[in-house]
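Common to both upcoming complexes is subunit A, partnered first by subunit B, then by subunit C.
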Partner chain A sequence: MFKFLSILLILGSLLNASEKEYASKIIKNLVEVIDKPNTSVWIDSYDTKVFGLFDLAKFNVVKSCKKAKVMILSSEKTIPKGCNTKPILVLDYELLEKHDNAVSAFFWKKGRPNIVFISDRIKHFSISLPASYDKYIEEKIW
Partner chain B sequence: MVESKNRIIIVFVLFILVVFLVQIKMYIGETHATLYKRLEESAVKNMHEVALNIDQNLKNQIENNLFDSFKDNRDMRREFEKDLSLFVTSKVQYIYLIYKDEKNRFRFLADGSTQDKARFNQKLDVNEAYLNIYKTKHELSLTQNSLEKLAITYIHPVLRNDTVEALLVFDFSSTLTSDLKMILEPIEALFRVIYILIGLFIFIAAVQAFYYYQIRKKSFIDILTQTYNRQYLRYLWNKIDMNQYHILMVDFDHFKKINDNYGHSVGDNVLYEGAQIMQSKLRKDDKIFRYGGEEFLILIKKESVSVTEHIANRIRLSIENYIFLKDDIKINLTISIGLNIKPNESKNINEAIKIADMMLYRAKANGRNCIISNYNNTQVSIEDKHTMGETIDNVKAAIEEDRIRCYFHSIVDFNNTIYKYEALVRYVKEDGTLVYPNHFLADIMYTSVYTDLCKRIIDICIDTVQKRKIVISINFSINDLLDENLMNYFISQLEDLGDDSSLISIEILEDQELLNINMLKNVIDRFKTYGVKFAIDDFGSGYANFNYLAELNIDYIKIDGSLIQNVLESQNTKHIIMSIIKLAQKMNMKTIAEFVSSEEIYEEISALGVDYMQGYYISKPKLFGEA
Partner chain C sequence: MKRSILYKLLFLALLPLNIWAVEDIDSLLNHYEEESALNLKTKRDSSGHNIVYTRDELDKMQAHTLKDVIKSIRQLTMMDNSFGATELQRAGAYCTNSACVRLYVNDQEMTSGFFGGALGIFSEYDLGHIDHIQIYLGGNAIEFGNEYGFITIKMYTKDPDREKGSSVGLSYGTNDSYRVNALTTGKLDNDINYLLYASKLKNNKDTLGHKGYDVPRYSDNLNLFATFKRENDFIFELSRYEHKHDGLTGFGDQKTPTRSDRKSMYQYLSLTKYFDTVKLQISYAEEEVGITNNDYNGITLYDGSFTTEYDNRFENKIFRVNAKDSRTFGKHRFFYGVEYQHKGIKPNFNIDGVDRSSEFEGPDSIDLYSVFLEYQYQFSEDTVLLATGKLERYDQHYNDRTDNLTQSRIGIVSQLNENLLFKGFISQNYIYPSLEQLSTAPRPVKGNVNLIPTNIDTVSAEFTYKTEQYQVGLGYLKMYTIDPIKVNANKMYFNKKIEAIFDDYFVNCTYNFNKDNKVIVEYYWTNHNRPFSQSPSAGGHIKLFNTYDDFDFYTEFIYREGFVHKVFAMEIDDGYDLTAAITYHMNSTTTVSLKGQNLLDKAILAPIRGLYPIGTLDKKVMLNVEWFF
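This part shows the complex of A and B:
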């Protein structure tokens, strides 16, 4: 009986995790194209929004943003001193406007996953995107 | 055969139930799919009409390019978004207008959604199906299986001059399907109960079938020998096709002695091992049954007579060559086998078994450790068996009703003086006629009636000796002498006789092979202590050999009657008789000539120097009182 319940719980968590898994893969890919595979990332918040959105365990998370190559922002919080020169991946389209270093955004729009790269910002950070990412590049923030 | 038929039926029923279960499962699945599809169609149909109205309204209000109009006129866009928002419900989560830019990316023109509102011209990542609408110009509904929050997306193309200018999109929330799930829940619950009940029924049926076969299998197995028992044979009685089998009736020779000498636990062990040995020599389709006591019935799947005989002999040899061990005791055993290779000629299996039993009886009478079949004996019929049964009953009744008689045949010396009498048994039928031993003795052999008859004869002879003080000779076979129970009874009667026990004489019938001469020697020596004398009957025929004379403490040699009858015709016979007489004289034994049926034979035998004579020429057997 215990085994049966355990299997049910695991299956249930797997079903719930499908969207989270999907988002984790996309964010991981975005971080990789911004810098490199398994690069160090700093995350501004560890609240339920972030935890619910993607799986942190898949990332090389560092405690200090100074040690990070890429920063992930989920809110409008001020960026700590000494870190405002690093490329940022935001988790909300609106945040692209708030942070000048926000090169990319990943967010859900109308229940669909959406990706945006800002053209001049990726040039600024000398980020070269694969051709398959061209459709996500925007000239401006609308 | 019958078992496999039942198994097939049970498996078939279970299969039908499983198929039924799968059908129900499939039906539930199909019902779901159909209901979802109809719900989707209904929702889409409603939105189609809404979309047509919005489309018409849009065309009425905006004549120019939609992008330019909405870009330049924010109020117009907001007014349109306000109109769209009127159709947003708990089911229709998002309504928006998008267009395709020059890079084939979709962007928002207007968003009537109250939640997650998009900006003007903000990009929306969608799949390839949206692009196809620009080619087909037809509306499209998509089931959003990969998106958790959405159930269906309905896309209506906004055409201007037969060109798709924008797409009006309606996203139905996943609550649409959850509502359906709620509606279906009672039906699904009902199906689940049916599903569980059928599953439970199959499980219970399978468990019951399992236990039924376990219990039935146990009830058909003999606990001691682990072979099938008679109950299983009875179960097969009317179901078995006798054309498919030959029948073997197997019996352990002298098994009673194992129990008597070593105890029943050894006997049981021997039976178990013996059964296992026989089982190991059978093929998969053959069946062995413990028929009763130490008797086994084997059904041999018919291939040919030679194959069956080969199997029967293989069984016989394997028992003969096996040494049964119990502690330090080594026991050699043999089996006798009766084989009925024509069971199909019998009315039923019962009669077929009786014929195999009769063949077994003949194998026993033939000296044991052999196989007798009805292969060449086409005359064997169940009638013989019936006659035998009647004989046993008649003798049994005769013993119980004191109708057993001993006739006494005198044996005289050369002076014609009666030396002793030979006891000859007969029984009187209910109608008063006399039945001679050649008509019943063979039939009752190996039955308890035979032992009872022997005891009765002993009683009569002992009684006669007590009353008349005469020497009486009683015939016993080697088996009789080795029958410990019978001999113990005889000894007890001799003890009652006291000194007169020396008036008893025993004639050993040589119609059976003596396998253990030491045992017989011990028996003779035991009787000798009571003064009993021994004669070898029918010497010169049968199994008689000179070794007996050397090994056994014999007093008389009774020359075989066939030699005596031939003495006048055959010079060789005469020489044989002379040599027997000489041998007897040398070994200090007396000779008796039987079958002296004429004066000529009497004279000839007297001249040869025989000690005693017996025959119809001298006298006929008579009851005392008649003589």
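This part shows the complex of A and C:
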């Protein structure tokens, strides 16, 4: 058992967590607290920028947004019909204003990565955030 | 049985390394920020011995101008010269017009086309739009630019895609000094991101006195910068920089100026275009330098003529085009490129109201053609060997003089074990005479068209031991400077037939208490074969970066060893510069900060011929407010 675990750990240690891996982990964490682990997500995958930012293989991506529990938006796209009631994670702060269902944002501002959850929107979706996320909750959009 | 124990020990040993696998969101965000830092993308270990100032460090330091950064660089001391311009003096030596300093904003070299140096214009370059700074010591990689620099300072601007917004800052402090700056970013159609920046900085220092005359000290800077870029396609930059400062004592025989000031303007356009692996850059720069010096007791020019009103203006034009490419074939990497550069000047001399521009003699332009190749061989997984060569041709357009020169460099970068990095380089470079040194005009110092390049040969080695918590560095550099350009007793530039040898040593340590709190300690010293020192031969610093709740703290203590300048007959005491800064992040849109520099009023003084030792840094306190929206 220890042999197996040690080998796994050696392999894990050899992996140098890159920028892309950390971004994937952060987005995965955000998606999971919005819904649940390994939940289904729909991504506006026509935006090639998304592919460079994080690893889609880490997510349970569905092709139709109707089958998704959480949507990820990185650009100004119209939400497909039948999906505009689902919680959205946006990758650009300005998209929070454009989509009332955008509960959270993971974005760059002032040269630093940021996370934010909008208080009334997480209440609307009855999202219960772990205490470690409290400092990322804001009452309103700037 | 023994094997089972071994696996258990291995499991326990490796367990902490995998903590990241179950990191909380705060830790993930911190690690993401660290891994995404732009300085990691621009750092090149193979380019030399480098010092990095990260975005976070520059913010905590409240580094508003380049002076705030360069004042603590090892083996260098920041000192004003007798014309009020700031220079970086190499330990023990004196470097005219900071010709040993090469300065870049992104890929644009910011060097005076006439004087050859950078700091005469850009020492107070505003850093509000700068993300991070990479400094390479002991000879730059040949790929950086055409001309050699003992120190190469590369400033990289903020990425508009990561700023996402605008900011306005106001600062006010001692002697009515102030700074106003504004930055905005945005996105145009077709995925073009832009960043616009403007700043105005007025820095007033205490007025000095000499023989009953007031010698005011001040500087005034305007910085306008714009960049438009599309990822992996092109970058277009426009910039205008204006710098006006006092000319201190000026050229006067008695050092009694009734007016002494210098006014510079530098503006450029630069287009960088990417074609797959090929990078093409075309830039055009204009520079204007104006020197006005009135001295009641007179100024003696090189030809013995005497004036009380001296007015000297230059207009310089610098055109550059270069193309670089890199190819990798297995363990072999080739980096190569070509460059063409044209420097042309238009002088204008007004002496006692008489136009004497026609007396200008010597080259008024230089064309430079160069081709370089760097070869890197991946000797093993952890070791890279490199060799670089560069061929250059200088056409002076005067007396049909052409110089064909070569520069070369070999090196090794090796990760000796998980923690220990070794870098070693041997290089042969030169500094080509500037147009100011080659040309003669009605100035106090006569130029010399027969000047030859100064040879600079270096051997250097550096060990860096790094763990997650601390880093220890140890380095050595031996430098031979052959035929340096000096001014002789007849007020004429000449090649001094000497071989100046410098042995530089440094040791430093960085201890990270955690992500937000660290201390850096560094000490350096230099031995040389010159009869006496003209600048500090030893120095060091302690820097503390701290964060507590919404407050950032920065404390810096810089030491420079005193020396006796035998030519100026001046004894300079040890210098101690204490800087303290506190930043309060009131909320997501407002930051208030306070900074004091040279708080002990004991920073190292600069010897000035015919005057007395003067301070380069005043004791100063500035209050700053910055809004983000």
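In this text, the second predicted complex is superposed on the first by the 122 of 142 C-alpha atoms of A that agree within 3 Å, B and C clash if a C-alpha of one lies under 4 Å from a C-alpha of the other, contacts with A are read in each partner's own complex, and residues count from 1 in each chain.
Here is the rule we go by: a residue touches a chain if its C-beta (ideal position, glycine included) is under 8 Å from a C-beta of that chain, and two chains touch if they have at least 3 such contacts.
Just so it is clear, the structure is predicted and the values come from calculations on it, not from any experiment.
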Task: Superposed model, subunit A: greater residue contact from subunit B or subunit C - done: C
Open item on the list: Under the stated touch criterion, which partner chain does A:Tyr93 make contact with: subunit B (first), subunit C (second), both, or neither?
Closed with: both
Task: First (subunit B), second (subunit C), both or neither touched by A:Lys63 - done: neither
TODO: In the overlay, answer first, second, both or neither for which of subunit B and subunit C A:Trp142 touches.
DONE: both
TODO: State whether A:Asn29 touches subunit B only (first), subunit C only (second), both chains, or neither.
DONE: second
TODO: Kindly classify A:Lys81 by the partners it touches after superposition: subunit B alone (first), subunit C alone (second), both, or neither?
DONE: neither
Open item on the list: Let me test your reading of the model: by the given contact rule, A:Ser132 touches which partner, first (subunit B), second (subunit C), both or neither?
Closed with: second
TODO: Could you say whether A:Arg112 touches subunit B, subunit C, both of them, or neither, answering first, second, both or neither?
DONE: both
- [ ] Show which residues of subunit A both subunit B and subunit C reach, each in its own complex.
- [x] 18-19, 93, 108-113, 115, 136, 142
- [ ] Could you pull out which subunit B residues touch subunit A in their complex?
- [x] 93-94, 96, 103-105, 107, 113, 116, 118-126, 144, 147-150, 169, 171
- [ ] Would you mind writing out the residues of subunit C in touch with subunit A in their complex?
- [x] 4, 7-8, 10-11, 14-15, 17-18, 20-21, 23-26, 28-29, 31-33, 35-36, 55, 131, 158-159, 161-165, 167, 588-589, 628-629
Task: subunit B contact footprint on subunit A (complex, rising order) - done: 18-19, 93, 108-116, 135-136, 138, 142
Task: Interface residues, subunit A side, partner subunit C - complex - done: 2-3, 5-6, 9-10, 12-13, 17-19, 22-23, 25-26, 29, 92-94, 107-113, 115, 132-133, 136, 142
